[in-house]
Structure formats: C-alpha cells, structure tokens
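Here come two complexes built around chain A, the first alongside chain B, the second alongside chain C.
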Partner chain A sequence: MKRSYCLTLIALILLQYTNGWAQTNHPDAKCLICHGKPNFTVTIADGQVKSLYVDTSLVKASVHARWSCTDCHAVVTSIPHPANLPRVECTQCHFSGNKVGAPQGDMYDQYRESVHGLASSAGKPNAPHCQNCHGTHQIRRHTDLESPISRMNVSATCGKCHTKESSDFDQSIHGSEVIKGNPDAPICTSCHGEHEIRMRSDPASQVNAANIPNTCSACHSSAPLMTQYGVRTTQVKTYEDSFHGIAIKFGQKQAANCSSCHGIHDIYPASDARSSVNVVNIPHTCGNCHKDANANYARGRIHVDAEDPEAGIIYYIASFFKYLTITTLIVLILNIILDVRRKLITRKKPE
Partner chain B sequence: MSPVDSRQAGSTDHADSKQTTRLYNILKKNDLEPDRYLPGLIDSALAKVSDSELEALVLQIVRSNNASTAANSQVSTSVHVEETFQRFNLTTRLQHGMMAISIVILILTGLPIKYHEAAFSGWLIELMGGIEVSSLIHRIGATGLILVGIVHLFYITATRAGRSDFIKLLPQPKDLFDWIQMLKYYFHRTDIKAKFGRFSYIEKFDYWAVYWGMIIMISSGSLLWFETEALKFVPKYMMDIATEAHSDEALLATLAIVIWHFYNVHFTPAKFPVSKVFIHGRLTREEMEDEHPLELEEILVERKRQNEKTSAKKRVNS
Partner chain C sequence: MTEETVQRFSVGWRLQHLILALGVTGLAASGLAIRYYATPYGKFVLGMLGGISACGLFHRIFALTLGIATIWHIFMILFTREGHEDFLALMPEKGDKTRWLKAIHSKLTGGEYEAEWGRYTFGQKVQYWMVATGVLLMIATGSILLFGHRSIAFLPKWLVDTVRVVHGGQGVELMAFLILWHLYSTHFAPGRFPMARSWINGKITLSELKLYHKREFRKLFPNRPAE
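Up next, the complex of A and B:
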C-alpha cells in the first residue's frame, strides 16, 4: 500500500515536470477525463445524486485560473480516489507569508472566532467554510459582479442558509436599494461584518444590542450620505439622548435599540404601511415592551430634538427653561457678588 | 464683671455706655448685683439726672422690683449665657433635613442621566451598581421628596406655627423695597441695610423656588415614573414635555441650591464655611439683630406682653 502510494506520487511529480512539452499531458487532463463529463455523477449514501462535473470555463474565469486541480485538491493522489475525501483547505495557500502570493490577512483568524468558524470547529456539518460563501471553482474578486460575494449577490449568498433574513432584507428599503444597484445601500456584511460575524448575544458583535446604535450611525449620522435620501442625521443623537439610548449605554439590555423599533432585516421608511414605525403600527411596535401600548404612543414625535423648533411645544418648553435659568442665575450671581463685596468692605472698616 | 463688659448687655452707643457705667458704679456701691439689675435699668431715661438723684431713683426701682419679677431674672440670665432665639422648630428642621437628603439623592442619581455623555456619569452609575439600581434609588429619593411635600402642606394648613410661617412667607411690596434698599447699600448709596422680619426676600425666594420646583418635579416625575399608566391617558408628547421640564428644572434647582442657597446660608462671610442653624434652629441675639431685627423686635414685644400678663396674674394671686 505504502509502496503504491509512493509510486503514484513519483508518477505525479514526473507528470508535473513533463507538463511543459506535452500539452496533452496538462495536469488537469487526467482529472477531466472523468470530471469533464457533464453527466458525471455520484450517488451518496442517502440516495442523493451529486454532480461531479467541473466546468473548466468557470475555473479559467476565476482568480485561480493559473492553478491546476491538484493544487487545491492536494489530497487527491490516486485514482480511484479514496472515499470521503476531505474538503479543500484554502489555508494551504492562504497563510501569512505564503510563497505563491495568495492574499492573506486576518480573515482566517476572524473566521475562526466567528459564529461560523466556531460552529465548524464544533463539528457541525452545516457550518459554512470559505467555499460556501466565496464559491468553489468560480472564485472571483468581490468587485466582480459575478462573484457570490459582490454587493449584489451577498444577500443571495447568505440566503442560501439564512432564507428568511435574506428575503426580508431584499424587500426592505436597504435591500431594494441594493437591488437597484445603489452603492450607498448596506448589504448583509455592512452590519454583520464579513469573516468576523458573531452571535448577536456576543458583546463584540456589531449587532449586539449595545452596539446597534453605533453600527447604524456609521451611515445614519453621515450628513452627506443621508441628505441625498432625505433621512435625518439627528436620529442617532436624539436616540442617544433619549432614555432608551441612555439606558442601553449604562448597561440596561432590555432598553430599545434602533432595531427594536425599526425592525432588523425588514426596515422600511416610516411612510410605508409595512414599516414597524408607521403611525398605524406604532402601538403594536411599542407594545412589544410597553404593556398595553395604545394610539397615544403615536401622538408626538419619537426622535425629539428639543433644540429644534420643529419639536414644537417641547422646543418652547426647553427655551422657556433655558432663558429662565440664564436670567435667574445672572441675577442671583450678581446679587452674591455685590453682597460679598459689601460685606468684606464693611468687615475691614473697623480695623 | 467690668463696666466695659457690661456693654454687651446693652447698646454700643457712646452715650449709652457712659450711662451704663454710671449705673454699674451705683449698683456696685450699694452691693447690688449689676448682672441682675443692670439690663432692666439701662433702658430707663436716666441719663440726664445727676449722680445722687440717679442713685436714689435706682434704689427705688430696684426695691420696688425686688419681688424678683420674671422679667428681671430672664434678662439677667441672658448676660451670663448668650441668649439664643429659636427660629426653626423641630418639625421644620426635620422637613428641611428630609428634603435635603432626598434632593442630594435625586441629584446624584439624576444628573448622570442628564449628562450621560460626561465620563463621571458612567463612573457614578457604575458605582451605584448600574442604571437599574440608580433608577431605584432615584425613586426612593422621589418618595422622600413627595412625603416632605405632603407633610409640609399639612404643616402650613393644619398647624398654627405652619400657618403663621406661611403667611409670613407670602411675598409683599416690602420685599421689593428691601431688595432695592439692599442694592442701594451694595452700591454705597446708603449705609443702612434693609430691616428684615422673620423671612427676608432671600429666604422667600428660596421658599417659593422650592415650591415651584416641587410642583414641576413631582408632576413631571410622576408621569415618567408611572409611564405605562400615564400613556393610557396622555399622548406621547406630554411625556416628552415632562422629560424636558424634569431635566431642565432639575438643573435650575441644583444651581439655585448650590449657588444661591449655599452662599446665603453657609458661604456668606459671617457664616463661612458652614452654618449649623439647620441643625439647632437657633440664632444668637447678635445674629437676630443683624439678620432679622424686625422679628427680634416682635419677639421682645411679645415677651414683654407675656411678662406683664404673668406679673399681673401674680399680683392678683397674691
């Protein structure tokens, strides 16, 4: 057994060296004898039929065009292949300091600590690996519109597993803008992160209750971005100044964050009847936390900025107190200064 | 006791002091205790009579009063022990104390919410054990404040002392004139200070500022405390008004207490750094003369009336 393994290896190495002068001896040629046939399938244990066909044009168009099958499928050393071949490990090239120039940053470490990486190392069969998002033979740059990780395709890629979230998102204001090709609109990874996607309950997650305001404000506090869409940028500030915002900040986890009211994947403009912050839906939305919420909850602004005349009566109340405080304190402090001055003078006199 | 010391018992005026010395010498010569008789004599218009005549008169007065009237004994003790006047009774002091504690609690748990951006706010909330705990403490403080409010309303309606104080706290034209007089005094237009009664315009301002503050803070605070119940009856913008008013009035009240009230009571040169009146409720005669001369006058008139009454009763009895 060991001997035949060695012989195959030698044969393969020889094959590699003979590559240059015999086109017919291209290293992939052997693989494609079988894998180049579109009807090449295998029936797995549970009766599922799995295609083993490889469309070489996909590989040729991918970033890995210059590599041959066994560069990635390095464990395949014999024909017929042993059963239960492990999946391709991208890290065999994508490691820091690799000599073939495969891009590598912190992604792999981030992935390992992510919810996906943890699931994978816990041995969960459905846990996604690099290939599940980046593709297999057709791996392309994220700037390539054909890439499964291009802006337009991310929702569908995540949606392979996260079906409901993806379809909710595609209908939402964010998702529909992405579909329109709007480069400003956020995609899944804008909020959840890419390789570092973490559980919502993880304090380090970008979508942890405590971090949601920060995550949303990345876009929603940017005036140049928001003015294009007629969305206020004061929403983040007014939220932070509201009791919900303050409570979150000081560690109260039940307090409402942006998504508690606006929704998560299904965010719509307040004018949309489907929006959780549409006037009609406000009682129901507030009712998630505030028992017996009624129409009174919708009477008045939600994001109140007392310094803005648009806040109406609240602005006038705030102004009243502002001027009352200023005048009172000026009068009181002047009175104190005069009193102290005269008292000190009178005190000195007798001496 | 020397003649100079005896000046403490009476006025500081030069003519008066000369007369006091004469009286003192006469009493000494006749083996009468000056401490006991002098205070009762100095007010008599005896300055113009000759020494021998004065002596005869003094002896006559002393002998006729030798039944040791309450007035004499009272005044004479005041020479030994510094006489004090009770301005605030125990009930008022307790009300004040409870209110002070409540307000300190409310400020410490409320300001970090208002100034949530400041680093000290996070630190203070953390120190108290999180926002859930600080909210609970705030409500305990609020309960204290509401209780004081109720007790005070009872005090100013159902008790004689309370009613009398409340009437004296009502603003009057005199307060405006007093303030103008004090402003003149501050600008050296006059050397005479305004003469205050039981409550000066400063104290009246403090009282009514608290009154206004209590109404604003308790009404808005109650809405916010019982938010779910309140929203069954009032629209959301009422809650926003309550939030705004609660936050703004809190700042005004805090500044008024820390700057105005603390200056007038504790930091003013004569009292610096702390006045203990809020503990014992008493003022010395000197302080009364300086701060509440009209109230002192009233107290003395009332005392005299009482004395006359008792001595008249005694005469009838004997």
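Up next, the complex of A and C:
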C-alpha cells in the first residue's frame, strides 16, 4: 500500500514535468486548457471559422517567450473570459522609456502619425496594427528569416493588404533581387519607411513627388553600391540638372520624378521589354505627360551628362564652348591689361 | 567752352541699341539664374522673381525684346539708306587686317602705332559680327527651346539636347565677350570712363573722332588738319 502510494506520487511528479504547460503550474497553463487544443475554433460574424489555437512552440521561439499570455492579454483576469476580447495593445510595454526591455525608439510615435496609425485612430476597420505586420504569437526579430518583417518576407507581409503592389514588386528588378537574397536590394520599407509610412500626398512622405529623387538617390548615388550592378550614379545628377529635376526642386510636383518614367513597384532594367524606359516604350511613357510624344523622344540619351564623353556630340559641343569661353576670358583680360598698360605709358611720356 | 561734336548715331540706332541692351541684359540675368540655379546668384534671382517658371517667363519676354530689336535692325539694313550704309561700313575692308595686326603688335610691345580707322575700328567690326552671329544663333536655338518638349515631336531628342548645350554655351560666351570687350572698350577703358556718351546722345567729339576714327574724320572734314 505504502509502495503503491509512493509510485503514484512519483508518477504524478514526472507527469508534472513531462506533460507540458497545460498539465503544470505555468501561468499559461489555464489558458492552454482551451487554446492549446488545435481544433479550438470560433465562428465569427460573417460565418468564417477562426482558429483560437495557440501553438506554444511558436511562442517559445518568439521574442516574447519569457512573457505569459496575460502579460499581453492583460484584460483577461478570470476564466472563462468574455468573448471578443479587445486587440492586444502592444504599447502596454512598447513605449519610450519602458522598463521591461522592449525596444526603445520613436517608432511608436511614428506609427501614430503614419497613414496606418491615422487610419487606426479614425476607427477604420482594416487599418493595420502592430500585429498585422509583426505577427501575433510568433513575433521574431527582423533578422530572423522566419519573421514576417525579415527582408525576404516584407513584400509578402505588405502584400497581405497591398496585393498588386507586392506582386508588381516581386517581379521587378528590385523584388527579384530580394528573392535571390541580395542584401543590397531595396524592400518596401526602404522607400516607404517602416513605422513612419505616410500618404504619398504628404510632403513628409519619402515617396512624395518632391522627395522621390532623394529616396532613389539614397542607393542610386552611391558609387560603391551601383558599380557592383553596372548602374550609373550620374543619373541622379543628370536628373537634378534636367528641366524635370529643376522643376521638382522648385516645388513643381507635376514635373516628372524618377518613378514617373521608371515606374513605381514595377521597375525593370531598361533592356527589359517590360520596362517603361525600354526604348520601345519610351514614347508611351513620355506620352503620359507629353501628349505629342513620338519615336523622337527615344532618339537620344535620356540622362544626358554633357561632361561625359559617352554623350557624343553633346559632350564635344559642351567642351568646345567651355574652352572657347576660357580662351575668350584669357584673351580679353589680357587685352584689358595691355590696354591699361599702354595708356599708362603714354600718359607718363613727356610732351 | 563746349567741344564741337558730330552726330554719329541717329535716334533710330540709339533706340534700337537701347532695346537690344535691355533684352540682352535681361536674357543674361534670367538665363544665368536658370543655368546656375543652385548658386547664390541663381537662388537670389529665382527667389526675387518667384521661382523658375516665373524666371523662364521673364527670359521669354526679354527674348521677345531681343527679337524686336533684331527684326528692326534687319529692316533698317534692308530698307533704309542709313542702315544700309552703316552695314556696309561694318564689312571688313582691305587693310583692316594689317592695321589690326600692327595695333596688336604695338599694344604688346608698348609701341606708339595708332591705326587710322574709318567709321568703325576693326575691333568694333569684330564685336558687331560676333554679336550679330551670336544673337542669331541664340534666337535660332532659343526658338527651338521655346517650344520645349513640343520641339522633340519634330526633332530627335539628341538634337534638342545639343541645341540646349549650344544655347547655354553661346549665351555665356556672348556675355563674357560683351562685358570684357564691348563694355570695357566703350565705357570702362581709360579715357572713356564712365562712358562714351554716344549711345545716349549719338554724338562724338571731334577730338575723339580724330583719335579713334581718323579716316572718318578726314572724310567728314577734308579741310581740317587731322594730326
């Protein structure tokens, strides 16, 4: 009797340590009684079946492994809890100056002022919150390849809402390089920002017409980076010195910026037939603004650098005028010096 | 006692010169601001005029002024006796080259040679032809640029780009030329400063005529000593 009692006690202790959180005193144990069952679902208003199962292995692998369910789902104070719990407020921990070790920074304020944050504040039902991009129970660092915000997954994450943009981007030169794992290739957030994403019409947006040249030139003016891919960095300077570039600088937003010609998400190398700046497509691309655009628009370089010998006749003519003006200045200044000298000599001579 | 003068330029010439000067000055000021928009000068002018579009509009208005002066000039040459004679006087003539080379040699060596010029010195003739051809080139290229992108509908883009380079290059060259030669020789040179007033009253004193245009003096006053 005494022996069987001891065996039962040992078995219970072993069970305690081997049968997971649901069978233990872990603070989440009670939650997992229900949420630990893979077939735990609920039918929501539109008839869709929503899984309420929480895969603990995902939580354990996430950056929040050390936290318990109620640290985030703080409104749950008793079980059973009410249905339709409010969305978890990440700002419970994620605020500037927090003491629990959550990342510090301006991202919380940036989100509030972003197009997503403003939509959320306005009560729009589809407005994305932290969880829509970062995930829920499986939140991982952006350096983790499994994270929805890792370089490789950002397009898909944004594409959950921005379907066409994501699809266009994935096929583009930038997107295809991202898929290949190229760490230099830009992702959605490289151009749009992360938490501070703003409406294109917002002057503070990185993709506002006035800011597009700066946004693109962050990479395209970097000689060490562009040289690796055979892309010229003079394109930025030549654009800035063009009518379009000057007009943009002086606030004429209707003037063409980089994306007006090269496309937005669907950017391809000029040699690609799908590219809007492919020689065949240039009349159509220019025709978006210049109604009379024809094949002449494609007869000549688009980004003309008069200081580059590859500009051909333009380079030689620019050089001709440069040296003609220098010669003119030298000869005429010399003429003035000699003239003044002669007048002074004549004046000094006695009558 | 007021020195005796002769009428050198008629009201028509002076008015035409004034319109030309206004046009060229305005074109140079606005054109340089557009070309060098990022310099303090460019920023100042563009700020004053209200941006690059406004500056472009001023440039076109001054271009119109230059166009009027040019058409008037061609009309005078073709249809007036005065214009025709002056135009012929601006043609290079026999002996110009020799006199000019001697004058340069004298200037370089500090010699005393004074060339005897007719109505116009060789330097004035060069200035006229440089400005005339320069202005015609500026009008031709400017007319293409005036229509902006619409020009590309008729001309290949590389040609329009070339025209833009020619227009800018010739504009700067012309300005350097006008300031360092024309303005210097007629206004700032020793003996001329602050200006030769003939561009205002059209007159030249007999001593100046004798000094700078001795053959013209002899032609106008055959009975007076030229030395």
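The rule is simple: the second predicted complex is superposed on the first by the 315 of 351 C-alpha atoms of A that agree within 3 Å, B and C clash if a C-alpha of one lies under 4 Å from a C-alpha of the other, contacts with A are read in each partner's own complex, and residues count from 1 in each chain.
Everything below uses one rule, namely that contacts are C-beta pairs under 8 Å (C-beta built on N, C-alpha and C of every residue); 3 or more make two chains touch, one makes a residue touch a chain.
Quantities reported herein were computed from a predicted structural model and do not represent experimental measurements.
Taken together through their common chain A, the two structures put chain B and chain C in a clash. When both complexes are overlaid on chain A, the residue A:T91 reaches neither chain B nor chain C. By the document's definition of touching, both partners, chain B and chain C, reach A:G300. Look at A:S201: by the touch rule set out above, it reaches neither chain B nor chain C.
Applying the stated contact rule after C-alpha superposition, one finds that A:S121 touches neither chain B nor chain C. According to the touch criterion, the shared surface of chain A, contacted by chain B in one complex and chain C in the other, consists of residues 243, 246-247, 249-252, 290, 292-294, 296-302, 304, 306, 312-314, 317-318, 321-322, 324-325, 328-329, 332-333, 336, 338-344.
Residues 240-241, 243, 245-247, 249-252, 290-294, 296-302, 304, 306, 311-314, 317-318, 321-322, 324-325, 328-329, 332-333, 336, 338-344, 347 of chain A are the ones touching chain B in the complex.
By the touch rule above, chain C contacts chain A in their complex via residues 34, 37, 46, 51-53, 106-108, 110, 112, 148-150, 152-162, 165-166, 168-170, 172-173, 176-177, 180-181, 184, 189-191. If you check the complex, the residues on chain B that touch chain A are 112-113, 116, 122, 125, 130-132, 134, 182-183, 185-188, 227-228, 231-241, 243-245, 248-249, 251-252, 255-256, 259-260, 263-264, 268-270.
Interface of chain A with chain C (complex): residues 243, 246-247, 249-252, 286, 290, 292-294, 296-302, 304, 306, 312-314, 317-318, 320-322, 324-325, 328-329, 332-333, 335-336, 338-346.
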